[in-house]
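Presented sequentially are two complexes of subunit A, the first with subunit B as partner and the second with subunit C.
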Partner chain A sequence: MITGILLQTVQTLLSILLAPLLMGWVNQCRAWLQGRSAPPITQPYRTLRKLFNKDAVIAHSASPLFRFAPYMIFACMALAAGLVPTIANDLPFSPAADVIALVGIFALARVFLALAAMDIGTAFGSLGARREMLVSFLAEPALLMVFFTASLISQSTELPIIVQTLAHKDFVIYPSMAFAAVAFWMVSTAENARIPVDNPTTHLELTMIHEAMILEYSARHLALIEWAVALKLFTYSVLGIALFVPWGIAQRGDFAALPLALVAMLAKLLVGGAALSLQEAVSAKVRLFRAPEFLGTAFLLGVLGMLIHFLLEV
Partner chain B sequence: MTIGTQDWNLTQIAAHIRRGRVDAANLPALAQAVKDEGGQLVALWGSDDRFVNNSRDSDSRSSPRPQAGEGPGVRDAGYAIHIACITAAGLVWISAALPETEPAYPDLSAIFPQADRMQRATFDLLGIRAAGAVDTRKWLRHKAWNEDEFPLRSDFVARVASSESPLATCHKPLAEVDGYAFIRVEGDGVHEIPVGPIHAGTIEPGHFRFSIIGDRVLKLEQRLGYTHQGVEKRFVGMDLAAGAKLAGRVSGDSHVAFAWAYCMAVEQATLSAVPDRAAWLRALFLEIERVANHLGDLGYMGNDVALSFGFMQFWRLKEDWLRLTAKLFGHRYLFDRIVPGGVAVDLDEAGRKALRAASKRIEAEVRDLKVIYDEHATLQDRFVNTGVCKPALAARLGLTGLAGRASAQAWDARAQFPQAPYDTLDVAMATARKGDVQARSEVRFAEVFESMRLLRALLKGLPAGAIQAPLNPAAGVREGIGWVEGWRGEVIVALRIAEDGRLDRVHPHDPSWQNWPLLEVGILGNIVPDFPLINKSFNLSYSGQDL
Partner chain C sequence: MPLTYNLQVINLLAALLLLISFAMLSQRRIAGLITLFAWQGAALSASTAIVAWSTGQHHLYWSAGITLVLKVIAMPWFFYRLIKKLNVDRDVEPMINIPTTMLIGIALVIFAFNLALPISQMSGTVMRSTLGIAMATVLLAFLMMITRSKAIPQVIGFLAMENGLFFAATSATYGMPLVVEMGVALDVLVGVFVLGIFFFQIRETFDSLDLKHMEKLKER
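Let's turn to the complex of A and B:
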């Protein structure tokens, strides 16, 4: 039990600390693909340090909610990161929430972010909050469909059992999971405010979705939100790994497999981050009202995955 | 020359440029005749003619006093209103004298809607009123001077606000000071987004007031004038060489166009001739400027749809281009390379070769990039049918220049009314009909290719000889107008030289004056997140119209 708690703590901290590195890697790859010289992979850490050392500027009209939201958002993402198996499976914290609760945790963070954005009363904040809700209420059902497909296969909505089934039972090819994987990739793109749904690097306020909501934040609050954003990308990435390419994640009590699990995870993240940056390099941002079509496609693929499971795999 | 059925008694002052004076009361009839002929009003400005002949020593400046019988043109004039129109025969510059007390002229914005903002600005600067105009709100005046003061009048005394003598507008709440009455859209669920004047990114200041439902734009209203620097006032009393520097800085991205138009006006006013080689080099500079700006804009349009690849590629090419320009001519944007009487820098044989090689290489790369833009589905989805300015509307509102050509407004001074050396080059005009972002991008691509062709033709035919000739000494009050097709559209500089040989009144006109209002129309029915892209596809100048 003690080792379990220890391992759980290590894994959660590892996620929190590694998250900016993944962000740095994606940025680096994107710069290379655009033919620019890239910032160092550690740039996100430097940005965070810079922001933590600054004095926060807060609007006069801000309510306590505005100050509180960054902590809440960061806590939600840290919680989510703790729930997803990254290197070890079936840790003591895992039974606390299943995949459906995980979707709820993401939603909770989003609600606070949107409320904080509207709290100040600027036009951009409400504009961003409105668009974020448009994107997320379409993304959530698609994400649930992906989870349902995975849980139909493993007969459980608990992540450890899903991972256990997919990684450590007999090797079976599940066609349904191929559809679910594409759907999951699309949802992740939208949920993490990446191109083609949103542009994380734009300076054009009028086009922003996620960034418009955090325009009023500065210093430590902004740092926490930026970190939470990195953590969200990391959590989605390891979630994708756990669902679709879980091989390498250590089984319960198998400490010898941990170093290999860590290497496997890092290798998968490298590939995933490079793939994301490739997608961002070759695509343009879709018109805002095409985002529902994009997510509708993701939902459709999720549903198809489920249907195929019933048709072929039962 | 006749416009419509009437002979307006115009005299030709240069190739394709005519000058005339009419009574202010006849201005609407003239404007209507131009309109009926298919022409457009391109510029409107005023001048204070009360003290033109006074010498400019410090005594007379501090206590200017009109003397009987002085003043240009009509001798009893107090003020004058000037309009420049493009007609089938070229540019027509019409002036009308106005009385010293209560100067007013009949409103022209009912005939040419593009006159509206120019009329309002003319009132803010000179106190010349357009009688009968519907919109009499201020335009350029924010809070730097009082309502009853007119900075361009020669007896205006600039005051610096201090605690002893505050401007009447100081220390009042901003809403009361500016008090600009935006047009409100009322109704359920209508939401206003104020954007600017300070924006993210390195762009000039301007205020945009969107009225929206959801993300759909019901109305956009612009409030400009934040970069008003008193350029026209600064010109007063400058010598001719210094004026060229200032003229080029009216809008930095159109430096060559403004500097050339200014020099053309000066040379016309002083009856000076420019050596052939200088004229050819000026055209070369103008095409270099056009290519640089088009490359930058095409990149920006890619960036605004988050296709960073396009942005990086076009900006790499632009940077190569600018560096080569700096190497050959000593300045990336060719600042101060055009001077009255000619150009300040020559091009040697090695430079010629380098420029030709660069133009070929960059043209080939742009052709490749065009294929990528054309075949990128998402980019096409964002460009096509976005920000449409239909040809009929463009014609009614006077859309001009590059944006105009993308909406079937086929005006290009280089092609239709060519000055030397364009008269030997047979410029092909690029036009499109749809008037959307894609059309403006297509016109840019076509103009890059045409400019590259012109560039090589200019390099090939570059005549030998001097690059500068001294100006003839000016005698008496003299006037001139320069007209150059810059990359954004026609740039006009009209000027008057006083008896002492210094500048008395200079009006630089940027095509952004006419095109800004079209942006308000082009965005209608589009969604808010498409605005930056539409805006960038026009890429209008703030400082060019704020002056």
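Let's turn to the complex of A and C:
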């Protein structure tokens, strides 16, 4: 039990500390692919340090919710990161919150972000909040369908049990997971405000979604939100690893496999981050009104994954 | 009952076939459609080869080879040349919008899976459960033919339907006799060339490849 709590703490801290590094890697790859000279991989840490050292400026009309929201969002993301097995498949917290609760935690963070964006009363904040809600209410059912497919295979909605079934039992190819993987990739690009649904670097009022919501934030609040965004990307990445390429995550009680598990996770994140930046380099952002079509496709693929499961795997 | 790895790979390729069918349904550009068609042929050829290897049905190697040469190399190359010559690689607007088409597609998949269930129980092959996917591929290709108004996507839909039928034959009865398959392959090849000539004629007559123009009969 003690080792379980220790592993839980270590994994959560690892996620929180490594998250900006993944963001830095994605930005670096993007810069290389676009032919720019890349910022160092540690740039997000420097940005965070700079922001934490600044004085916060807050609008006169801001309510306490506006100050409170960044802490809430960061706490939600840290909690979500603690629910996903990254290096060891031993998480004592996981019986308390399964994948459906994980979707709920993401939704909670999103609600606070949208409320804080509308709190100031600027046009951009409300616009961003509306768009974010449009995207997320379409992305959420698709994400749930992906989780349902994985849960049907492993007969459980708890992530450690899903990972146990997929990685540590006899190797079986699940065709339904191919559909779920494509759907998950589409949903995670939408949820993390990446191209083709949103552009993380834009400040163009016609197109921005996520950036529009955090325009009013500065200093430590902005730092917490930026960190939470990096953490969200990291959580989605390790979630994808846990669901679709879980091999390498150490079994419960297998401490000798931990160093290898860490190396495996870093390697997978390197590949995943490079793939994400490649997708961002080769594809264009779609119009906002094409986003429902994009996410509708993700949802249909999730449903198809479940149908395929019933046809081929039962 | 755990399945053998061969069968698992076949199931995976069958699922990919269905995935590509859906991708084709949602694809707006003709060049993308041709690439997807080539991938579908590749998945079909690979699954046929694995069936041949795991069951010892040697004539299926020939089928896989013919599929590879015709549908992965020859026809996509021909279509690429055709769209370059006709200069038609623009977005094709389908008659029904794409999300609705996808929803109809899901309904068709459920229908096909239910339809195939009793048939696949009668069949004695190892990969009988993929029959549902084969039927779904046929129906989805049919749907694509219905919802597209341009000539080239319709022909690609027709060829995708042939892919589905081929896969159905393989999964239900380990394929048709080699003579029949050769004949079908030749027919399809000739059909594609004839239709390729038709494209030029249609464009010359109507100044467009939109087949809606052909619905009006003129008597003069």
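Rule of thumb we're sticking to: the second predicted complex is superposed on the first by the 314 of 314 C-alpha atoms of A that agree within 3 Å, B and C clash if a C-alpha of one lies under 4 Å from a C-alpha of the other, contacts with A are read in each partner's own complex, and residues count from 1 in each chain.
Everything that follows uses one rule, which is that a contact is a pair of C-beta atoms (placed from the backbone, for glycine too) under 8 Å apart; a residue touches a chain by one contact, two chains touch by 3 or more.
On a predicted model such as this, the values are computed, not experimentally measured, just so you know.
Participant: Subunit A superposed: clash or fit between subunit B and subunit C?
Facilitator: fit
Participant: For A:217, decide between first (touching subunit B), second (touching subunit C), both and neither.
Facilitator: The answer is neither, since A:217 touches no partner chain.
Participant: Pick one for A:204: touches subunit B only (first), subunit C only (second), both, or neither.
Facilitator: So A:204 only meets subunit B here.
Participant: Applying the document's definition of touching, compare subunit B and subunit C: which contacts more of subunit A?
Facilitator: B
Participant: Scan A:281 for contacts with subunit B and subunit C and give back first, second, both or neither.
Facilitator: Once the two structures are laid over each other on A, A:281 reaches subunit B alone.
Participant: I'd like to know which partner A:112 touches here: subunit B for first, subunit C for second, both or neither.
Facilitator: Neither subunit B nor subunit C is touched by A:112.
Participant: Once the structures are superposed on A, label A:195 by its partner contacts, choosing first (subunit B), second (subunit C), both or neither.
Facilitator: first
Participant: Using the superposed model, determine the angle subunit B, subunit A, subunit C defined by their C-alpha centres, to the nearest 10 degrees.
Facilitator: Vertex subunit A, arms to subunit B and subunit C: 80 degrees.
Participant: Output check: A:244 vs subunit B and subunit C. Expected answer is one of first, second, both, neither. What do you get?
Facilitator: Touch status of A:244: no partner.
Participant: Touch test for A:170: subunit B only (first), subunit C only (second), both, or neither?
Facilitator: Second partner only, subunit C.
Participant: Can you give the closest approach of subunit B to subunit C, taken over C-alpha atoms and in whole Å, for the superposition?
Facilitator: Result, nearest C-alpha distance in the overlay: 7 Å.
Participant: Hey, which residues of subunit C end up touching subunit A in the complex?
Facilitator: 2-3, 5, 8-9, 11-12, 14-16, 18-19, 22, 26, 98-99, 102-103, 105-106, 109-110, 113, 129-130, 132-133
Participant: Which residues of subunit B touch subunit A in the complex?
Facilitator: Contact set of subunit B toward subunit A: 191-195, 199-201, 214-215, 302, 304-309, 312-313, 316, 376, 378-379, 381-382, 527-532.
Participant: Using the touch definition from the top, list the residues of subunit A that touch subunit B in their complex.
Facilitator: Checking each residue of subunit A against subunit B gives 30, 33-36, 123-124, 126-127, 130-131, 195-196, 199, 201-207, 280-290.
Participant: Report the residues of subunit A in contact with subunit C in the complex, numbered from low to high.
Facilitator: Interface residues on the subunit A side: 170, 172-173, 175-176, 178-179, 182, 292-293, 296-297, 300-301, 303-304, 307-308, 310-313.
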